[in-house]
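Next come two complexes built around chain A: one with chain B, the other with chain C.
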Partner chain A sequence: MFAYISRRLGMMFVIVFGASFMAYNLQAYSSNPLSIFGESTELNKDFLIAKMIRDLQLDVPPPLRYFSWLRGIIGGLWGDFNLGLSRSDIPVSEIIGQAIPVTIRLVITATFLAIILGVSVGMITAIRQYSRFDYVMTFISFLLFSLPIFWVAVLLKEFMAIQFNDFLVDPVIHPVGIVITALLFGFVIAGFVGGKKSGFFSVFGGAAIFAGIVLSYLSASRWFIEPSLGIFGVTFLALCNAVLVIQLISGVENRKGIYAGFGTAIAMAALYYPLQLLMSASASFLNVIAIFAITIAAGCGIGFIVSPIDRRTYIRIGLFTALLSTFPIIVDRFLREFSEYMNSDAVGRRPIPTLGQANDLLTPEQLNNYWIHGLDTAVHLVLPTIALTLISFAGYVRFARGSLLEVLNMDYIRTARAKGLTERTVIVRHGMRNAMLPLTTILVNDFAGLFGGAIITEGVFAWRGMGQVFNNAIRNYDLNLFMGVFIISAFLTVMANFVADLLYGVVDPRIRIRK
Partner chain B sequence: MSNVNQAAGSNPEKNENEIQSRDTVGLTQKQIIVKRFVKHKAAMGSLFGLIFIFIFVFTATGLQFGNSQNPTTVPGWWKFKITDIDPEGAIAASCNGGVTGCPTLDLAPSFLDGDGIRIGAHPFGTDIIGTDYFALVVRGAQQSILVMLIVGFLGIVLGTTIGAIAGFYGGLIDAVLMRLTDMFLVTPTLIIGSVIGYRFGNFGVIPLALLLGFFAWMGLARFVRTEFLTLREREFVDAARVAGASDRRIIFKHILPNAMGIIIVSGTLLASGAILAESALSYLGFGVKPPDVSLGLLISQYQDSFSISPWLFWWPGTLIVSIALFVNFIGDGLRDAFDPRQRRHISFKDRRNAKELNGKRP
Partner chain C sequence: MKAKLALRAMAASATAALVVASLSAGVITPAQAATQSTVTLLSTGDITSLNTSTADGNTSYNSTVGSLTGMGFSYYNSDAELVMNTKFGSMAVIKKAKNDFQIKYTVAKGQQWSDGTPINAIDLLLTHVVCSDKYSIDAGLGDPKDKKVVPGFDSGCYGGTYGDHVVGMPSISSDKMSLTVKFDKPLPDWELLAPGPSPVHSIVLMSEGKKGLQSSSVNQEAQANFLRVFRAKSTDRLKAMGTVWSTGYDVTKVDSSTNPLLLISNGGFIVDKFTYGSSMTLVRNAKYSSGPAMKTVNPINTVVIKIITDNTAAVQALRNGDIDVYYSTLPTANDRLTLEAMPNVKTITKIGAGAYSHLDLRVSNAAGEKDTYTGPFAGTSQKAKDLRKAFLLATPRQQVVDTLIKPVKSDAAPLDTQFSFYGTAEYKANTAASGVAEYSEGTQAQRTAKALAIVQKYYSTASDTNAPVKLTFAHANTTLRNAISKLIIAEVKKAGFDVTDYASADLFGLRDNRNSKYDVIMYGYGLNAISQSNSTGNYRSDGSNNVFGWADDKLDVILKSLEGDILTAKEITAKRLAADKIIIDNAWGLPLYANPTIASFNKELKGIDPAPIGSVITWNFFDWSY
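Let's look at the complex of A and B:
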């Protein structure tokens, strides 16, 4: 094992070395920083040219200059890490250090959303292969796959931001809009549930009517300018989560599973008011962690007391129900600040911004309020997150569908069915778990590739992250800055490959790592 | 020849496989693949759609070779060129309270809005200074298709060569070539594309596409290598070797035809990715540069005028999306056609036939 890891690490350094050498020379030979003096009429032009040649070491050929850059990286071994200075004389590591958190903030929600939605939709399409739902989702995923992100971004800015802000002036949904949304919702839910034709129509009708009533209520109560979930919304969502978790873990025929799930959901509702004490205006991130700790403890406790037999199953039901149901409680708290946020001077009743990563006009008082500050971050994240999610969603749908279909055609699935296991056990335990194995590789690699993928998104939405740094580096012929972005991205990619391989060996006992 | 036939013949059980294999009795592998592809409705529709777009855009404004300074052109059937400016036409086609250059295309018949079907002088409208937008969009689509073809071709040739050599010879050659592939692979395409595009974007689209293709072969090389690694251990390769075939003959006559499926499928995915990559680079300003046009560049130029003149934004976007979508669907159809393990949809009719065949419940 040790030999394997050290060999892989050695290989990683060779690859990063080769790739960075290639990138350095490519960039050095394809850019000419002196071109800005081409039409210059300044008197001290010759002096400036000489200064730039000295500063950027332009008299040294790029292949040799590379090694003076490399020395800064190698210096990391004895604590003298140095990525050089940018053209504006700021250390590259400082610029990148500021940009990385911004990019992470931009992509992390979208990535998680895309993974969760994409994998679940992909698996459902695999289970309901060749159904209407499958065909529609296949088409949608191909369509999303073919969309350029900057095009989606412009559409989102127009329809999700500008027109939504206009809508908030008088938040009444047109009846036609309600009907169309309700029908769409009904179709999606009916597609998830599947089954025979008559069943399809009753589920479809039920879901559509439910959505219609909810939308009409939201429209009539002017919910969109004073949103909140309230105790009823939180309880309802907790019950939905409980049904989902029970369905996945124990099945609805298991009475104790139902006790654990619904017990936790009711406990969440009971905790709604006590937890508000932790969510005052002076709350911080620690309070949120404390809330999660309390709810998870409650869920596990309920799972623990439900039954002494198969305790782990019920604790798991309680845990996941509690975890999922805590989000509505916290979201509810954020939503209740919405009308104050929207009506503040800094926002001016147009809450969804089209550009930027934070509102610079917020007062210090507002910035100190965890909930308003968080809401500000959230509204700035809305558009980029939707755009990124839409784009990467499709890949996960296709991959999860293909992966689960391949597993479901395996002989061990046939064996599991022949043993008389329930369909739920066959699909969840034998099918989904095995289908998740190849996904680990993809997931790890995608996290590493995010920095590259955010270049366009950051440009469109004017975020000052790695993508912008890279953009400036190319436009200003800033070789050190360019290499800084490149080395981070390359290092993350090889690291991710390495971790994926190791992880694969851990999660899949069939894979043995060669000594 | 046909693995499917053999499998069915050696298996006396009349099972689901038999239902499927009855379709393919007496056909060669190539015929089976073509038949499967033709049956894939979405893929066939996309193929016709793509061919239509291809012919349409390449005959409309004619072709332009060479660089933008002294081009050689073949004339087309559309009256405007991207350099023609027609301010009177733009003013004539105003709408929505004085916005000039609205599309004159009207596909709604006269009983819907009373205007009747017409094409007009500028069916896609004009841009702000009065250039015919149809000509611009068509020119952009030509560039995109050109990039797609060049990158796809170059990626397939390079990827197949490197993957095949690495997979077939193994050992040191394999290790060296795969590390080389990894080196290219750790470099995000967009980063390398930006570097290339910023320098070579104004040389026209063909050099840009050639350079992009040079950095697009890695995924395909990996797939081909894996395929070659498995195929070279198969019996038919041993048989060929015993019969005295040279390495070259084994690679080209025995292994490559069997790896064709994965090559074609990854090639199409590469091509659709290339369209999006080119438009993204042009959008960022690292790709095709004015006065030449590309679809990504058009979107980037007019993204801020969406609320006033939305057509400047819709037409190029729709074309990018439809070309990429068609290519993706063709790729999907090809994957289904080439994959022998692919379980085809067994309809109720097939099941009923199978029941009759068996005389018992399947």
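Let's look at the complex of A and C:
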């Protein structure tokens, strides 16, 4: 094991060294920093050119210049790590140090959402292979897969920011709009839900009527400028969560499971008002953690009481129901701050921005208010997150679908069915778990890729993350900055591959690392 | 019963009142609500430094900030005229001899830096330190032209007119309010050499390691200290200040922990917050008095600069009110249509004096060229000259403007001179007389036929279907340039020119490598000052932008005089006309068009009036209000 790891680490070192040498030279030879003087009519142009040659060592051939850059990296061995200065004389490490958190903030929610949604939808399509739902999802995922993100971003900004903000001036949905949206919603839901033709129409009608009622209520109550979930919304969502969790963990035929799940959902509703005490304007992140601790404790407690037999199962039901149902409670708190946020001086009644990382005009008081500050971050994140999720969602759907289909055709699945296990157990315990194995590799790599940033998304939403730093480095012939981003991405990619290989050995007993 | 009814009526009217109130609340437009005292500007590139005098810090993005935080002797207005800022001070030539040219700069009394320190002539001295090569060498700060070592003050000003001609040390009057600088000869454009004020006391304090604002006596002592150090040329002290000046202002973050000494300003605003690559917030400078007074009704108290590199994103941000002012020097017809359709903004299109596009033809070898240029345009023979002329005659300038520029600026026309600004009186007079009119006479079909006739003199087989003259046409690989080259190539083909299109990813590398890979090149020139000597370096036989082998003794004399003599406006016009005539006579090239610019801004915002040069949007921040 030790030999294996050290051999892999040695290879990583060689790869990163070779890749950085090539990248440095390719970039140095392909760009000409002096070209910025092409259009210049400055009187001291000759001096400025000579100065740039001196500052960037342009008189040293790139393969040799590489080593003066490398010296800064190797200096890390004795604590003198130095990525050099950018063209604007700012230390590269400082620029990258600021860009990494921005990138992570931008990409992490979208990545999690895409993974969770993509993998679950993918697995459902596999279970219902060649059903209407499968076809609809296959169509949607290919559609999303082929959309260019800059175009998606333009549409999102137009409809979800500009038009939505205009709509907020008088947030009443036109009756025709309600009818069309309701029909569309019914159609989509009916497409998702499988079944026979008669089933299609009843689901379609039910969903359309439900959507129509909800939209009419939202419109009439001016919900969009004073949004909240309220205790009813929170309870409703908690019950939905309970159904989902019960279905996955114990199955609806298990009565004790229903008690645990619904019991927890009702406890959530009961906790709604008491928890508000923890969510005052002076709250902090610690309060949120405390809320999660309380709700999870309640969920586990209910699971514990329900039955002394098979306790772990019911505790799990309680735990997951509580965990999922806490989000609506917290979202509700943020939403109730929306109207104040929207009417504040900094926002000027146009709450959804088309770009940017944060509102520059928030007062210190607003910044200290956890809910307002959080809401500000959220409204800035909403469009890029949707864009990123839509684009990367499709890949996960296809991958998870293929992976689960392959597993379901395995002999051990047939064996499991033959020994009389319920279909739920076969799929959840034996199918899904094994289908997750090949996903490990792409997940680990995707997380390493996070640090490389999302060049186009960051550009169109004006976020200065790693992607934009990289892009600017190329456009401004900023070799040190370019290499700074490159070396981090290269290192993380190689590292991720290594970690994925190790993890694979851990999660899959069939693969054991050679001695 | 009655009481119940009254209650019900009250409840009903209260509800009605509430409904009315909530409805009217909904009608408030964004600009009326509170963001009213803020202007959000767009920066299409990074703000990297609060010091715009270092070579790295001298970018238009940093200058935008500089124009809000600093006022000096002059600024460009929206008519591209240099306006003297008498609130800050005045300048005058006090001696004008052949080898003794003195200018006196007087700082107006009663001005203060934002920390309350009085502004005086000592604050002008830093220009000498960062622009005079001799001072840098004498004070032991290093030779700015050294090939290895960076000088103490890493300035981008060395090697220019100031450094080349300044004599001795500038002298300061006894009341410390005026500064006299001596030069070795009369300098044209001397107004442009005016030193900019710098808060020298803060540089002294920071070089001593001070981290916060100091008392007024400490500040004034530091200011006086700078004068002593400056006069004594104390190497160590100057070097410490040089480090602060060269790198201390290159920040990636400004917040409450930033040393306030870095942010001292005499402009309308002070930098308050900054996040690298994202945005900068500036707040009003309460002690501002170095320029025209700011508006008092609905004034602007905060300026935010958002960094948005993506053009479409910027346009949509304007529509959503995320920015208040949008500006582009490379607008497309599509941009204009989108902007003009927006209900919340006002759009202005202009012809920018700052940049223009032109065609240059090779003539002979450039200095230092490795191979020999032997293309059809080579040499001063009649044949080469005629072919060049034929090529230019067949170039469809009007068509280029009609197809690509007019959709952006409907009254655009081809640019006819390399020297005068589009639309000025001088421009009209000179272009009527320079002979350039030949290139717009008649229709393009007639001009092309004329060109073909010239080509046929040397290539008898040439016809509108047979193009015997082989050429290579180089230009940058951008959508606009490719579209222009397509139009030109199609038209000159009818005059006998078979042109190979060469869209280069590194056009200036190609141009400056001094090789013979092309015969015609198209690109733009940008100007950052309007001066007597502007663009002379492009045509002088030894000019740094002249890599085409153009050489004409008479032209060199004229350009030298434009660069070196103080001339009257009439003389300048005459010399420019003479220069234009020579260039047109030799058929070295033709200007194509002056680049249009577009500015769109929040309808509610008053006073935005983009200048074609200088700090385009921010030059008149004092006129802004809602």
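Basically, the second predicted complex is superposed on the first by the 481 of 515 C-alpha atoms of A that agree within 3 Å, B and C clash if a C-alpha of one lies under 4 Å from a C-alpha of the other, contacts with A are read in each partner's own complex, and residues count from 1 in each chain.
Here is the rule we go by: a residue touches a chain if its C-beta (ideal position, glycine included) is under 8 Å from a C-beta of that chain, and two chains touch if they have at least 3 such contacts.
Please read all numbers here as calculations on a predicted model, not as lab measurements.
Undergrad: Give one of first, second, both or neither to describe whether A:Asn409 is in contact with chain B, with chain C, with both, or with none.
TA: first
Undergrad: For A:Ile474 in the superposed arrangement: first (chain B), second (chain C), both or neither?
TA: In the superposed model, A:Ile474 contacts chain B only, not chain C.
Undergrad: Tell me which partner touches more residues of chain A in the superposed arrangement, chain B or chain C.
TA: C
Undergrad: Between chain B and chain C, whom does A:Arg222 touch in the aligned arrangement: first, second, both, or neither?
TA: So A:Arg222 only meets chain C here.
Undergrad: For A:Val485, decide between first (touching chain B), second (touching chain C), both and neither.
TA: first
Undergrad: Determine, under the contact definition given at the top, whether A:Gly177 touches first (chain B), second (chain C), both, or neither.
TA: neither
Undergrad: Check whether A:Gln357 is in contact with chain B, with chain C, with both or with neither, and answer first, second, both or neither.
TA: Second partner only, chain C.
Undergrad: Determine, under the contact definition given at the top, whether A:Gly230 touches first (chain B), second (chain C), both, or neither.
TA: Touch status of A:Gly230: no partner.
Undergrad: When the two structures are overlaid on chain A, which partner does A:Met22 contact: first (chain B), second (chain C), both, or neither?
TA: First partner only.
Undergrad: If you stack the two complexes on chain A, which partner ends up touching A:Gly76: first (chain B), second (chain C), both, or neither?
TA: Neither: A:Gly76 stays clear of chain B and chain C.
Undergrad: Quick check on the output: what are the common chain A residues between the chain B footprint and the chain C footprint?
TA: Touching chain B and chain C on chain A: residues 31, 150, 154, 157-158, 162, 459.
Undergrad: Mind listing the chain C positions that touch chain A in their complex?
TA: Result: residues 22-23, 26-31, 33-35, 38, 40, 46, 48-49, 54-57, 144-148, 150, 154, 156-161, 163, 246-247, 250-253, 273, 275-279, 281, 302, 304, 306-310, 312-313, 316-317, 319-322, 355, 506-509, 511-512, 523-528, 533-535, 537-538, 544-545 of chain C touch chain A.
Undergrad: Report the residues of chain A in contact with chain B in the complex, numbered from low to high.
TA: 11, 14-16, 18-19, 22-23, 26-27, 30-31, 129-130, 139, 142-143, 145-151, 154, 157-158, 162, 405, 409, 449, 451-453, 455-456, 459, 470-471, 474-475, 482, 485-486, 489-490, 493-494
Undergrad: For the complex, which residues does chain B have touching chain A?
TA: Residues in contact with chain A: 42, 179-180, 182-192, 194-196, 198-200, 272, 276, 279-280, 283-284, 286, 296, 299-300, 303, 306-307, 313, 317, 320-321, 324-325, 328-329, 332, 341, 343, 345.
Undergrad: Can you check the complex and tell me which residues of chain A touch chain C?
TA: Against chain C, the touching part of chain A is residues 31-32, 34-48, 50-55, 59, 87-90, 94-95, 98-99, 102, 150, 153-154, 157-158, 161-162, 165, 169-171, 222, 225, 343-350, 352-358, 360-361, 459-464, 468-469, 472.
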